[in-house]
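Presented sequentially are two complexes of subunit A, the first with subunit B as partner and the second with subunit C.
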Partner chain A sequence: MNRRFDGALFTLAVLLLWELLYRVVGSAGLSSPLTTFAAVVHLLSSGAFWKNVSATADAFALAVVFSLAGGLAIGLLLGLSRFAGDVFDPILNALTAIPKITLYPVILLFFGLGMEAKVAFGTIHGIFPVIILTMNGVRNISPVVRKAARAMRLTPAQTIRTVLLPAALPEIVSGMRIGVSLALLGTLIGELFASDRGIGFMLIQSVEHSDVPTTMAITVLLFAVAVVGGMAMLRVDRRLHQGG
Partner chain B sequence: MDVRSQAPPIDAPVALDVSGVSHTFVAQGSGAQVCALDGIDLRLAPGEFFSVIGPSGCGKSTLLEIVAGLTRPTEGRVVFDGREVLGEVPDGVGMVFQEDASFPWLSVWDNVAFGLRRRGADAAEIKRRVDYALRFVGLADFARHHPRQLSGGMRQRVCIARTLVLEPRLILLDEPFGALDQQTRLVMGEELLRLWRETGATVLLITHGLDEAAMLSDRIGVMSARPGRFIATLATGWPRERDSQVVNEPHFGALTGEMWTHLRAESMRSIGIPP
Partner chain C sequence: MSRVGVTRAAIVIGAIGVIEVCCRTGVINHLTMIPPSAMFVAAWHLLGMGAIQRDLLFTVTNTAAAIVIAVIAGFVAGVILNAVPRLRRIVDPLLAAYYAVPTFIFYPLLVAMLGLNRAPLIAIGAVLGVVAMTVNTLAGLDRIPRVYLRTAAAMRMSRIATALLVQLPAATPHLVTGVKLAVSYSIVGTIAGEFILSVAGLGRAMSLAYNNLDNATMYGLMLILIVTVTLINLGIYEWERAVHRRWGLR
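Take a look at the complex of A and B:
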């Protein structure tokens, strides 16, 4: 109850600030909350918007699948082999640190303008946190838990499925949560810079046409989706870290 | 009464045969060679209860891991039930570790059922055996709890139940009662004796409790400070039907006294006091 009240108060404060800012900078730089919400309603009822949403959603969904499945497989492999983990740990950290936008021209050369490039770009953003947290999750399993698995004569497949994965699950889910957020970021950035459809493309077009209300409306919608999605994932994550 | 005893005669049946086992490992950090065990010989008759007692750091746990097949010795060999143990835990061997090895993501009941499920036992059989094992360790009322909701001693009992439910023929126990208070230890020890009698299993127990070793064992091996060797083997001479009441026997004091005589200098050496 109290929390909901806080949330409402926060939203109100943001809206007020927004309106104030709008009065200062004027409609060339910002649209008012009201105009923006009118634009949101207009967007939601237009067919072109939903076509772009589905283009982004398709690319995002594929990027998520590749990030999670690929990240889990690679992270597990690196976590299981101490040697491979030691070798790849610094490389992974370096790869995570580089601004991936610098790779986008290369990706475009590889995949051309379209779905594949967006998926690839989303994946190179999303996969690293999944790899790193899965690897660390597996490496941090206490040695006695691994020994207990050996003492119960589990096969390697049984050990992975029934001991290593559940033991590392809280960290794996944290990695996946960050991975999903970054995959969305990557997909949208890809659309912003070079693409012919999708939400990012729509956003950059509205900027080029100086259509401030539409720009703001898309931003607000993206913001809302990111917050709601992020909070839902965080809730699952927290529950797992507290152990159910 | 002469409490010293020889190993079983050569032609007697042997459940576990450890011969000439030495183990050297490279210390992390310094890179120095550390000799943990030096020429261990040990033969256990089927159904025997044998305890190993020794100062801390003498390689007792390493010995148990070698017997279990979790660690390969640098020298010597281990034979269980006529087969050499080679880098894999043999069927019929159950081990309880010194540290808490319960699985935090599973309930107490699921922890205990874990091994049976992996072996594909049927549901009714699993239920019967898990319920029995939980009653045995006194955790029947905690079946639905998760390990983090339990005390350290209770978690250790979960691990004991998880191992015993598989009805191993050789039970390896690495200071399993270390986390328990004195009274619970005595009761658990008594229950362990009952289970040992009923199943006919062979038990190899690592302990640092003189009275625990004296009360539970048929024979006790006293180990030296590192590198661990057996410096004495004592036979308790207790009947198979026994319980914690043996602590009242006059012979009990003589046993712990003799163990301490052997251990005193070794313990001082292991903590760096000149004897």
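Take a look at the complex of A and C:
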């Protein structure tokens, strides 16, 4: 009860600050909370908005599939050998830290405008955390567990499926959580530059037309989706880490 | 060099070699990508040009400003949240979900608020970096063993002395990790800002070169950017490892 009260108080404070900021900055930079919520309602009831949502969702889903499947396979492979892990760890860290946005012209030149470019953009954002955390998860499995698998003469496929994956699951899920959110980020960035539909495209359009309420409404909606989705994934993640 | 180091160097050089061969033999069209050797030549020429030096300086100073703001603000926010658990309980889920939000979406708003100059670029860099610092400051303060604080109390240290001589050093490894993440996020934020709607800087120079189909300039700039960022990140990565080793964490 107390918690809920604090939460409500916090929300109220944020709304108040927002309104104050609006009074100071004016409608060229910001729309008031009320106008923004009206724009949110308007968006949610427009067909064009949902068409863009489904375009983004398609690209995002593919980027997630590539990030997770590719990241898991590469991470497992590198995690199995101590040597390969040592060799690739700094390379992967360096690749992760590159501002991927500098690569957008390359992606565009290779894939052209459209779906492929968006998916590629989402994937290069999402795949690295999955690789790194899967690799670390497998590397940190106690040697006893792997020796036991060998003593039981499990085939490599059996070892991976019944021993390594379950043992590294908490790390893998953490990697997936970060990978999924970054894949969304990447897909949206891809749409800002390399698309003629989708939420990112809608956002950049509204910016170019100085349609502040729509910009703010999309921002608020994205924020809400990201926070709710992020918190749900975090809950699963935390439970796995505590259980293990 | 160790066997690991040699293998790593061989893989990196080999990968560059493969791309070079693909570009030279036309497997990759030269309109799509120029050979790495040509990128190096282009980068070398560009570094001698005044316009690029100005862009580089613009980007570097903005990024540095963003990092300083992110680290200081993030640290202060961490200390405040640590001192006010009631506030922390409300903000915690937001901190945890923060990096799931594509922060760059605030960029247009920042431009509208701060004007089309370097201020929104610095702001977005700082906004992106600050939470990593806050989260790690909190983690560092959380993990200070109770016995340290009790010892400080037994020695009748003042609160300020406890903070400076006990808590700060004990939290240092986490703070360094926070700085590391804040640096890399701030760099991403500032450069992304330059790409999206910018006035100057390397990001904008690259966008222009791309729009003019000037592949040599574009790839040259990309190389300069990526090499600079990678060197900075590797330097900090080593620094973090050194600190963690000294604190006996690795």
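Operating definition for what follows: the second predicted complex is superposed on the first by the 241 of 244 C-alpha atoms of A that agree within 3 Å, B and C clash if a C-alpha of one lies under 4 Å from a C-alpha of the other, contacts with A are read in each partner's own complex, and residues count from 1 in each chain.
To be clear about the criterion, a contact is a pair of C-beta atoms (placed from the backbone, for glycine too) under 8 Å apart; a residue touches a chain by one contact, two chains touch by 3 or more.
All values reported here derive from a predicted model rather than from experimental measurement.
Q: Answer with clash or fit: subunit B and subunit C placed together on subunit A by superposition.
A: fit
Q: Examine A:231 and indicate which partner it touches, taking first as subunit B and second as subunit C; both and neither are also allowed.
A: A:231: touches subunit C, not subunit B.
Q: Just checking: does A:50 make contact with subunit B only, subunit C only, both, or neither of them? Give me first, second, both or neither.
A: After superposition on chain A, A:50 lies in contact with neither partner.
Q: After superposition on the shared chain, which partner residues are touched by A:147: those of subunit B (first), subunit C (second), both, or neither?
A: first
Q: Check whether A:167 is in contact with subunit B, with subunit C, with both or with neither, and answer first, second, both or neither.
A: A:167: touches subunit B, not subunit C.
Q: Using the touch definition from the top, say if A:86 reaches subunit B (first), subunit C (second), both or neither.
A: After superposing on A, A:86 lies in contact with subunit C but is clear of subunit B.
Q: Name the contact category of A:158: first (subunit B only), second (subunit C only), both, or neither.
A: Touch status of A:158: first partner only.
Q: Check the residue A:106 against both partner chains and state whether it touches subunit B (first), subunit C (second), both, or neither.
A: Only subunit C is touched by A:106; subunit B is not.
Q: Quick one: classify A:222 as touching subunit B (first), subunit C (second), both or neither.
A: second
Q: Rounding in steps of 10 degrees, give the angle subunit B-subunit A-subunit C taken between C-alpha centres.
A: Value: 90 degrees, nearest 10.
Q: Tell me which partner A:98 touches in the superposition: subunit B (first), subunit C (second), both or neither.
A: In the superposed model, A:98 contacts subunit C only, not subunit B.
Q: More residues of subunit A in touch with subunit C or with subunit B?
A: Comparing subunit B with subunit C, the partner touching more subunit A residues is C.
Q: Quick check on the superposed model: minimum Cα to Cα separation from subunit B to subunit C, whole Å please.
A: Minimum over all C-alpha pairs: 13 Å.
Q: Shared contact residues on subunit A, subunit B side and subunit C side combined as an intersection?
A: Touching subunit B in the first complex and subunit C in the second, no residue of subunit A appears in both lists.
Q: Using the touch definition from the top, list the residues of subunit C that touch subunit A in their complex.
A: Residue positions touching the partner: 3-4, 7-8, 11-12, 31-33, 86, 89-91, 93-94, 96-102, 104-106, 108-109, 112-113, 184, 187-188, 191-192, 195-197, 203, 206-207, 210, 218, 222, 225-226, 229-230, 233-234, 237.
Q: Can you tell me which positions in subunit A touch subunit C when the two form their complex?
A: 3, 6-7, 9-10, 25, 28-30, 83, 86-88, 90-91, 93-94, 97-99, 101-106, 108-110, 178, 181, 184-185, 188-189, 192-193, 203, 207, 212, 215-216, 218-219, 222-223, 226-227, 229-231, 233-234
Q: Name, in rising order, each residue of subunit B that touches subunit A in their complex.
A: Touching subunit A from subunit B are residues 65, 68, 70, 88-89, 91, 93-95, 97, 99-101, 103-106, 114-115, 118, 146, 148, 159, 163, 166.
Q: Going by the contact rule at the top, pick out the subunit A residues touching subunit B in the complex.
A: Against subunit B, subunit A makes touches at 142, 144-145, 147-148, 150-154, 158, 162-163, 166-167, 169, 243-244.
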